[in-house]
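Let me begin by presenting the structure, written as structure tokens, before commenting on it.
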Amino acid sequence: MPDTEALTPRSLDSVRVRSVFLAMLKARQLETKLASLYKAGKIVGGVYLGKGQEAVSGALGAALDPNRDVFAPLIRDQAGRTAFGEPLIDCTRTYLGSVRGPMRGRDGNIHRGRPRERIIAMISHLGAEVSVVAGHLIASRLRGELEGRVGATCVGDGATSTGAFHEGINLAAVERLPLVILVANNQFAYSTPNTRQFACDRLMDRARGYGVEGHEVDGTDFLAAVEVVGGAVDRARAGHGPQMVVANLLRLTGHGEHDDARYIPDELRTGPLGRDCVAVAREQIVAAGYAAAAELDQWQADIEEEVQQAIAEAQRDPKPDPWKERWQALSDERGLFGGRSEAAEPTEPAESAP
Amino acid sequence: MPDTEALTPRSLDSVRVRSVFLAMLKARQLETKLASLYKAGKIVGGVYLGKGQEAVSGALGAALDPNRDVFAPLIRDQAGRTAFGEPLIDCTRTYLGSVRGPMRGRDGNIHRGRPRERIIAMISHLGAEVSVVAGHLIASRLRGELEGRVGATCVGDGATSTGAFHEGINLAAVERLPLVILVANNQFAYSTPNTRQFACDRLMDRARGYGVEGHEVDGTDFLAAVEVVGGAVDRARAGHGPQMVVANLLRLTGHGEHDDARYIPDELRTGPLGRDCVAVAREQIVAAGYAAAAELDQWQADIEEEVQQAIAEAQRDPKPDPWKERWQALSDERGLFGGRSEAAEPTEPAESAP
Amino acid sequence: MSVNYVDAILAAQDTLLREDESVFLYGQDISRFGGAFKATKGLADAYPGRVLDSPISEDAMIGVAVGAALNGMRPIIEMQFADFSSIAFNQIVNQAATHFFRTGVEVPITVRLPSGGTPGSGPFHSQSMEAIYSHYPGLVVVAPATVSDAYHMLIQSVKLDDPVIYCEHKFLYRWLKASSINGDGLPLGAARITRPGKHATIVTYSAMVHEAVRAAEMMNEESGWDIEVVDLRTVKPLDMDTVLASVARTGRLLALGEAYPWGGVTAEVVARVAAEGFHLLDAPPRRLNSRDTPVPYYPDLWASHRPTPESIRVAMRELLSF
Amino acid sequence: MSVNYVDAILAAQDTLLREDESVFLYGQDISRFGGAFKATKGLADAYPGRVLDSPISEDAMIGVAVGAALNGMRPIIEMQFADFSSIAFNQIVNQAATHFFRTGVEVPITVRLPSGGTPGSGPFHSQSMEAIYSHYPGLVVVAPATVSDAYHMLIQSVKLDDPVIYCEHKFLYRWLKASSINGDGLPLGAARITRPGKHATIVTYSAMVHEAVRAAEMMNEESGWDIEVVDLRTVKPLDMDTVLASVARTGRLLALGEAYPWGGVTAEVVARVAAEGFHLLDAPPRRLNSRDTPVPYYPDLWASHRPTPESIRVAMRELLSF
């Protein structure tokens, strides 16, 4: 099995290209606001952005089918989440602690999901979602429903050093699952550069060792990202087993917004990996005629509105009240005690995704 | 870095060849007796043999320098231990629970070592020793004593699926440590065949993904084993970073002596992997003139004696007495409580290795 | 015909697989081989494709279970030994246990832990990890002591919508036999009075129930003491009603367990009785656990590392003489 | 000039690196970056080659520490957050903790766990794991509550020949300041009476010492109660002499902790006082822990998930009214 299975070159579907870019714009806009809210002290804990990684993340989210695929986004996947269909307000509600958000103030920032709608709610421990997505797919297979479905998750360069990543991808390969793992190699794990994280020439070299197909892409090159990531999803869906996509790029902000990322050398920032994929995308889209510049400007304006509304609404939302909270980690305590405890879950129902 | 860096072909050193074979014979003989003792109910818990794996294991132990290298043998490394210098009686004492053994009855069978003499005492959890050996080497480097030293450990095909293995080898690669990892691919992990353990064509393909040099060898071919394993140790010692050696072979017995290994198909047993490396070695040695058949017969007789003595002595040894045991998991409780507890460790000192 | 403890576990899994299509089994060597202890023997043939061998990847095994549970299944994971669940610790306590609280979505997985010591099993094949998992919110932890409980509690565990850590005792696997599997209708979470008595209460669980009963019988024969033995069955959550009612009758408590002495079930039981039933106690409550060292290999050491009928009687005599 | 809690940790590591060549530091982002909390700031430059960045491999990080310790070193491992030590759980409890008992050879490693909650840190960056590690034989577990203890206990931990789990509280890092680092000569394993009193004893540790003192001061002002606060400092082994002496004076005990309620330090303290000091108690001993759920993200939820001066006062009033 070749590492660099050439993806059938094809002219990219215009709907796909546009939908990826739309998600990227929304993510960028939303995250810019989140950063401001953090600086203004309106968000506590931390804010983690995907700035610079929108192209590959969005390309993945857009290639998935929200009606049947399962997706475990990670730290820097606002674009992928949006493309997959997570409403923006899930993000703002989670950051701001609204009881109407999917996490109801119990968990925050990027630790959100809608498991019933097949968006896995990540835990912090890196690498841990790979096997969860594998299990989700195994369940579909056991029911005879796997055909045509795909699971996807994202990790960073740093997360490839975790045992969880290794166990998960190896297991997925053994089971030959339609799992796409997008490795966003942004050159750093927090402050730690690739040189202190792994010693192989290219992370893509791992693919052969797992017996999965591997693909490498310049994550700053929008059209390439859409093509390569989309192609990997197609191959997984077509039954070629797990796909590992390594995207080379740079995080264009700190690890979190508390971090000035001074450890990233200027040469990198000003080099090819430092290109802003959103700017590149805009140029490529206009140049290739997927959309006119004026249309994109209009998108930008519409998004501004949408983002503003997602923030305003989440800010107005009720926040959790410790006195009303059901302090209960088990769902089934009723069953367990034959009715001794009777509280129902949740107190204030989260709104469901459209 | 090429995966299959060709090892400089050389005529094998006769002293090395003979020492490997001697260790193999001792291991085979000792383990045969252990199996009998187990069947006779004289050993409780379990007996785990290296039958069929003696060539690669012995080749590794003999290539290491017991005066400076560190070795973490695993389940099936009686030959490697013996070649490295672990006295046979450490084995019998540990299996029989003698207080004079290095584990003093506190741990058993293959869970033994002499950490002060750089034989790591494995825990059961597979993969866990890789990083321990790495840490040992890092300590030598910190003191400026790493030059010329090597660390080595063994794992099975099954252990390559552990997160611990992955984290350990990756870290060793990042630190470019002189670590040799011998993967004895005996086709099964307990009853689980390779097909349910990994999906790559060859485990050796992992080496490139870690950025380490990889070598593959037919573990039933004695001379090849001595050459390839010895060559990997030489390359590690010479500063070429971690070396991963994958040896293909078959376990010629059960997982433990309780296991009849019926799950191993006859084709495998009677095929090339089913060859007995001890028989192959004998033929090769005689054919190449490293030793005459009569001399080897004499070795066999001498070993019989030595093994018998190691068993007899361990059987005569005092066994642990719960009433005399120091039930204390901390070494330093005295320091911690300013002298409140005063027991010294150990009650009955283990004899030290020659 | 008799049925032993491990047969009951096998039978429960058979029942579950037969009656519920969402049940499947995942673990090392559990398929054709039938598992290290034969607790899944024959199931791979009876339920093709639903009993899967995993790689040696405990962390991923629990990840798989969680993912499958989120997709409508009720997986049972066999750890080859409880001790190896240390590798899956993160997925159990952080992924599975927190999920319902965080998202409102249940994770109905059952993790079978072959627990406890046997002669010669040594430091890494003998551990009792119930205290570790009980500490974490979001897990139910059970530890059946009888053949029938082994059966019913496994079925109940799998039916529960929360993650359950099912601690099965290896020493009981073949040693403990019953003429048949009976039900007494007790739900998970309810303790049982295994041996009624009036002079003192031993609260315990799993294999130690049998050592406690043996000690109680001996003390009855030797000196007429009548000791009540309470089998907790579920260690998290604890059935304090039954425990307190027993202590109310006897006035004396020994909390007994095979796990390490610091913290754990005996500490929780004594602390809760002291707090909630202080006035019921006629004597200081006592605890008896294993020694505070790893579990030793050599059978004589092992046997006196854990509580024995003898050490239980010593503790009880001191308790009764107060 | 004042020195805060995290400065003290930095200073202790500086002292250790300066005075002992066998000390080195290993952890994620601890080298030039100085660590997520800046607890190693400047050390990489001051001690070239002795402060090493690790990959994101907690299991291997502890393996490295054990291997290095077996080869004569005294490594200090920084976990980025205590919560991530769940990945290293196996290496800590099975490799490091068992080694001395099994082989007679010491493993002098120190694992620094940035522990406890802060507003907005959520379920996976807030955990208190002292109960988990204390359960296992072979580990020493400490949890300093003061700036000076943070300094001295880290130095003592690294000097100890056994593996030490050093739980440092993130909330105290910059919030807790002292004018300078003082020593009171207390060894590891000894508790301290932080606030002498006569009506009741609060036994606690780490950040909760400060909440207990605050509650005690309030109760003194409000109604003249004089509450003694005992800071355990070391949670395994426990200094029961100091605890029992305090309970002997006051007759009343509240065990207080920020960790999850099932098992843990408060259970062990109450169980041991009930067993060893039953006659000293004038009222049922009480416990106050966090709620039995994961630690929530939203600051208001977080604040009432852990004990507060208010909830401590409620518990104390009930204790005193008995």
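Just so it is clear, A, B, C and D label the chains in written order, and each chain counts residues from 1 on its own.
Criterion: a contact is a pair of C-beta atoms (placed from the backbone, for glycine too) under 8 Å apart; a residue touches a chain by one contact, two chains touch by 3 or more.
Owing to the predicted nature of the structure, the values given are computational and were not obtained by experimental measurement.
Least step count on the touch graph, subunit A to subunit D: 1. When chain centres are defined as mean Cα coordinates, B lies farthest from subunit A. Centres computed as Cα averages put subunit A at a distance of 39 Å from subunit C.
Averaged C-alpha coordinates put the centre of subunit A at 44 Å from the centre of subunit B. Centre-to-centre separation between subunit B and subunit C, using Cα means, comes to 36 Å. Residue positions of subunit D touching 2 or more other chains, listed in rising order: 54-55, 57, 59, 83, 86-87, 90, 94, 97-98, 101-102, 123-124, 137-138, 291-294.
Annotation for subunit B: residues touching 2 or more other chains are 103, 106-107, 111, 123-125, 161-164, 167, 170-171, 174, 196-198, 328-329.
Taken chain by chain, the contacts link every pair, so each chain touches all the others. Of all the residues in subunit A, the ones that touch subunit B in their complex are 1, 161-167, 170-171, 173-174, 176, 195-201, 205-212, 241. Residue ranges on subunit A touching subunit C, taken from their complex, read 70, 102-104, 106-107, 111, 113-116, 120-121, 123-125, 128-140, 142-143, 163-164, 167-168, 170-171, 174, 328-333, 335-338, 345-346, 350.
Subunit C meets subunit A in the complex at residues 21, 24, 49-50, 52, 54-55, 57-73, 75, 90-91, 94-95, 97-106, 137-138, 140, 160-162, 187-189, 234, 237. Per the touch definition, subunit C reaches subunit B in the complex via residues 28-29, 32-33, 36, 53-57, 59, 81, 83-84, 86-87, 119-125, 291-294, 296-301, 303-305. Across the interface of their complex, subunit D is touched by residues 43-46, 97, 103, 105-109, 111, 123-126, 158-159, 161-164, 189-192, 196-198, 263, 319-322, 325, 327-329 of subunit A.
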